[in-house]
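Shared between the two complexes below is chain A, which pairs with chain B and chain C, respectively.
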Partner chain A sequence: MTATAVRPAETLTPSEPPEARGPRRRLRELHVHLALLAALVAIALLPSLIATHDPLALDGRPFTAPGGTYWFGTDEIGRDLYSRVVHGLQISFLSAALAVLVALVLGALVGVLSGLRPGGVLDRVLSVLTEAVMAIPAVLLALAAITAYGRGAYIAAVAIGVAEATGFARLVRGLMLQSQSLVFVEAARTCGTSPFRVLVRHVIPTVYHPVLSYTAMHFGLAMLAIGSLSYLGFGEAPPSPEWGVLISGGQKYLVHAWWVALIPGIALTAVVVLLNRIANLLQEGRS
Partner chain B sequence: MSLPSPVDTEPEPTVALDPSGSRGRTVARVVGVRLLHAVAVVAVAYTASFLLLFVLPGDAVLARIGTTDTVGNADLSGMQLDSLRAEVGLDASLGRQYWSGLTGLARGDLGSSLINDRPVTALLGEALPNTLTLTGLSLLFSVPLGFLLALVAVVPRSRAVRSLAALLPSAYVSLPVFWIGVLFIYLFAITLGWFPSGGSQGAASAVLPVAVLSLLGAAQFAQVLISSLRAEVGKTYAAVTAPAKGAGRAYTVFRHCLRNAAFPFLAVFGLRVGALLAGTAVVEVVFARNGIGRLMVESVRAVDLTVVLGLVVVLALVYVVINTLVDVGYALLDPRLRRMAPVRSGGES
Partner chain C sequence: MTETLLEISDLTVTYERGSTVDTALAEVGLSLRRGSVTAVIGESGSGKSTLAHAVVRLLPDNGAITRGTVVLDGEDVLRRTEREFRPLRGRHVGFVPQDPIASLNPTKSIGAQVKESFALAGSSLSARQVEERVAGDLRDLGFSDPEALLRSYPHELSGGMRQRVLVAIAFSQRPQLVIADEPTSALDVLVGQDVLRRLHALRAKHGTTVLLITHDLALASRNADDVVVLQRGRIVESGPIAEVFADPQHTYTRSLLASSARLVAGRVLDVGEAYRRFARAEPADVATVDPVIELAGVARTFRAGGREVVAVRDLSLTVPRGATFALVGESGSGKTTTSRIILGLERADRGSVRVFGNDVVGLGRGGMKALRRRMQVVYQSPFESLNPRLSLREIVAEPLDAYRVGSRQERRARVVELLDRVQLPPSYAERRPRELSGGQRQRVAIARALALEPELLVLDEPVSALDATIQAQVLTLLTELQRDLGLTYFLVTHDLGVVADVASQVAVMRRGRLVEHGSTAEVVLRPKHDYTQALLAV
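After this line comes the complex of A and B, so read on.
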């Protein structure tokens, strides 16, 4: 009868981080993920390292199921799907890297420029420009660029980079505003340090961390966006083993051979999950 | 198409409110300033895409001849091409084309297709209802589902349940949306045979696309809600005050935290609409449905500049309208915003 009364009142765990883990464990996990990423970069640069066949050679029977010789099976004309997926990583990865690079450079530039004098004319003009680009979905902006300049994963990547730059610009602007009130930034300014030097020596080192995390996340998003465009038929042209191309090519044969369309999607998901994990681990490192 | 980002979750009040004004006048001012801003954003979006599309190496007239058989393409002289250009208005100077496009936009006239001469508004009028139905239906399912997932990720006492519920949305947004479509076709259309694999006939054909899209929306909304709910749960009123007055865990979350956590959700809801529409277009292509997805793919393939431009402008317009409504919604819903008059430069902190 008293048993329930003694029980402490139900409380919500106060401000406990969602996935609390020790800093050492987090760092180890981050290192493992970064090692995996490094391996992916190596494969992207030199796909023949781990490919077992020529990605374009017709050396198997069409629609061989996944097994010993052909790990992921073969496609409709007998090309080895495993080697195609490995080679496809190169295009997906490098074009996404280009997109993120464009987004990072452009976004940081716009963010810093508008964060220098918040509320100023430049800030207002840039904010309308940013919002106008945000109003156009990234995929549609990329399609407009493709209409003008022709198809291709790298053209799509630049357009996606421009679209994604808006997020970076907002993030960097916000961080700039926050950093203005930091004690050492104010101290440096009081000492008469030039604004440029304050920016480079004091502001950028404090804000690069969230930007890094945001970059990792947007790397994955860029891969998804470029995959969508290739799936729609506006990325690479069909003999290319780009993952979106593989998925759209395989969709026709889904009834006899599920692996042609589904396995490249699993590969794409795995890479995006890895990048998102890295982004989360970097984010957790801040708090 | 994209994850909610830390910056997105921060509502950015863009207008300094008049602290002394009556509620009606304040809201009217907010609406006025927002409308001006919205018009500027649409005009800039139009200008940017005009520059992108019309200062280009390709020739839409050649593309037009390639797709219609009205002119024999064997003996095309330069004169015929010029007359064709004149017919579709591509011979005018870029400035003239830009100005007539912009004034047309103000009148609600988006020009006509370079390929088949049909007005762009008519083409969009045919395609847009299908797409908006699909988006609307998926929103209808994804909002409650997102709230449910977020509550499961925060309320239960079992840590395993909470972690699992928090993991699901972040895993789902890592999946390529077109690939989930293909996977669903394989599982539910080919293997189980429950639903048709594509087409736009009948309600059954909409089940799979709506499922793909509402899961995506739910995952995105749940991500934002989970992070804002977690922040709310850690604040003093929920962690100390509520238990002290004897309120239970679930009661605190429902009664107190959910309201406060709903505001970042509202912001993200607005920002995600554009991406959701684009996602809908891709899913339409996967399931071979009629809608702006098909129109988009066909007009890009045919280099139909006016239709692509019209699509960009209409989607930008939808985005701006929804975000303006969201901003006005803030002023109506949050009493603090009515009183305190937040300043633009301090909005993101």
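After this line comes the complex of A and C, so read on.
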């Protein structure tokens, strides 16, 4: 060997790869996104706090461009667009929340019941039911519900929730199966813990992560679905400030009053992107 | 050519974990003589795998070599860029990994993967020469039909065959140095022995220098010329293995050697000798009054996707009260299925399973719950059997909660008492499993198993996930608990060293059948079946 081997002074491996600092940055980004989401929830619950005008009052000149008094301008009959968007968030957001809640509760219930005894009678019956509902498009189911119970974002939301529950059921069932192979789950069972307690104490805290991520993603999808139904004239009806309604009402004037359709459109896009990003961050954080 | 092939000096490797930087190797220096086998020994966390990976520069992303030189054949390879270094892997340094299952690509044939190693190393051999060399190597490694092997896919091969393929790949470029990182620890003992024997033959044929990373002292002592002892990233002792093992200078080396019951004065004892010297169990009466477990004609077949696997066929055995009954076998022998049948986690297709006189097969939910109170289990890996989210108090109290034993205060007091029983301080009650070492975790698992004052413990490989010094401590604890509490142990293990240490009776299982059973003395000292003799000779 060479006796003159020179010892390099600097670190031999090049500066650390970007992934090394990843987890912390991801957590910070998640916190920022969750803070934004919390602000949206606050607005959705109490829109009048930040709205400047009555969303239904005709108190301005039609088609006033965005500016000092009317931040987002006014629509074709002079209503303040900013206040309408803020109040519209309430309907869009809360109806989507209802859809996701229905999907989550129903899906988790079905998933847990079929995951308790995989391959059992209950599992097989529920699987067939799930697959049957899966074959029906969510929008079709929503149209059927609207036909039966009348127009409205919340009716559409329940129907969409039922349709989306199938995905949740599948996911939860899969996670249940996966958790059966965890040694500490089996250990809990062999020391006499009841199946319900094993579920609450060991399984759910271990596997809830993907469900959380899936929920955030479907929140965004539900907002889009409800908006689409309103846009097509099946969800909320004018003069409701629901975002789908705002977009469809404003698109006729797109050429000379772009803001009437475009601002609610941007708002919807931004909220859905935010929710998808949260879903992604939750997913990545797991792996 | 100089005498020394590899000279490592002052090597320091750090890992960044969150905001802290851990030093995995500190100022490590060692040199390998050409053609020698050097064993690197140490317990988990000692940095032995880091050493292996640093030499071939395959550290994980958060690892960095912060200082030192690795001089291979006169050249400091750390001064090369990654791009310049890449051709060295394979051509000058071969690597035999620990896990033969994860190390082969399941979608490519064996032939494609063996030939790939020639392409990656930039080999100048013609296709024909490559074929000849590969066929010759595979024959040396004990494959009688290399062509058929090359056409097969990894899933068609057993663990031992895969590991031999990986040995062939490591040697394919005739490297000067081969690093074997725990090459047999994922394999059954007899298979591992065969792989090592063939690796040795190839090494001798080509004069290859080998760096053997292992936690198994007996294996090191039988296979290596030199030894390097690592403790927490530092070399505490090194030298010719016979000298170091016969007369260890450092206290850590001494404690390592003391924990391996089969190494005495630098010599590996066979299991029989170890038994004569160290057995702790009293020779038990085979006469069975009031047996705890009775299996008669038990069979279990698994069916999956049209394939049938017979796990247990026609098994009968009796475990007397107070005994430590060891069920020994290699993976796939059916020993784990048998223990799960006893625990009621798996049903038997045929035969009768009686535990404390109750027929487990016909037992309803209530009966099973009552039975489980008297029969608890300790799993192999304490890293998996404890819920990482719960505190030790919650873990140990779980069976007490499940059976609603006593009041809240009584349960709290009982948890402290149980922790004390397994020699853990009461202050540990609020800790979480990740704050504990492997041995401490296994103590917690034992405390949980003892919570309901059971009469029978099923011990499923209770020490095989632990380091050697820790194994000895846990076995001592189990022996004391048995003596104090009058427990019966049903011990499932592949390790005859453990059997010789603690078992009073042994049953040897192979391919679902019992090939031999009797008192430990009978089986260990006078084995009748060839298979038992082969296992004992390891």
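Throughout what follows, the second predicted complex is superposed on the first by the 266 of 287 C-alpha atoms of A that agree within 3 Å, B and C clash if a C-alpha of one lies under 4 Å from a C-alpha of the other, contacts with A are read in each partner's own complex, and residues count from 1 in each chain.
Assume a contact is a pair of C-beta atoms (placed from the backbone, for glycine too) under 8 Å apart; a residue touches a chain by one contact, two chains touch by 3 or more.
Note that this is a predicted model, so its numbers are computed, not measured.
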item	value
Which superposed partner A:Thr206 touches (first chain B, second chain C, both, neither)	second
Which of chain B and chain C A:Pro66 touches, first, second, both or neither	neither
If touched residues of chain A are counted for chain B and for chain C, the larger one	B
Partner chain(s) touched by A:Ala225 [first = chain B, second = chain C, both, neither]	first
Chain B versus chain C as contact partner of A:Arg197, first or second or both or neither	second
Touched partner set for A:Ala187, first chain B, second chain C, both or neither	second
Chain B and chain C footprints on chain A, overlapping residues	11-13, 16, 19
Chain B partner contacts - residues on chain A that touch it in the complex	9-16, 18-19, 118-119, 123, 128-129, 131-141, 143-150, 164, 167, 170-171, 173-174, 177-178, 210, 214, 217-218, 220-221, 224-225, 227-228, 231-234, 244, 247-248, 250-251, 254-255, 258, 261-262, 265, 268-269, 272-273, 276, 280, 283
Complex interface listing, chain A residues touching chain C	1-2, 5-8, 11-13, 16-17, 19-20, 23-24, 182-184, 186-188, 190-194, 197, 201-202, 205-206
Contacting residues of chain B [partner chain A, same complex]	1-3, 5-8, 10, 37, 40-42, 44-45, 48-49, 52-53, 55-58, 157, 163, 166, 170-171, 173-179, 182-183, 185-186, 190, 226, 230, 233-235, 238-240, 242-243, 246, 248-249, 252-253, 271, 274-275, 277-278, 281-282, 285-286, 296-297, 299-301, 303, 305, 308-309, 311-312, 315-316, 319-320, 343-346, 348-349
Chain A-touching residues of chain C, taken from the complex the two chains share	2, 4, 7, 9-10, 16, 18, 31, 59, 61-69, 71, 74-76, 78-79, 343, 345, 369, 372-373, 376-377, 379, 381, 384-387, 389-390, 398-399, 401-403, 445, 448-449, 451-452
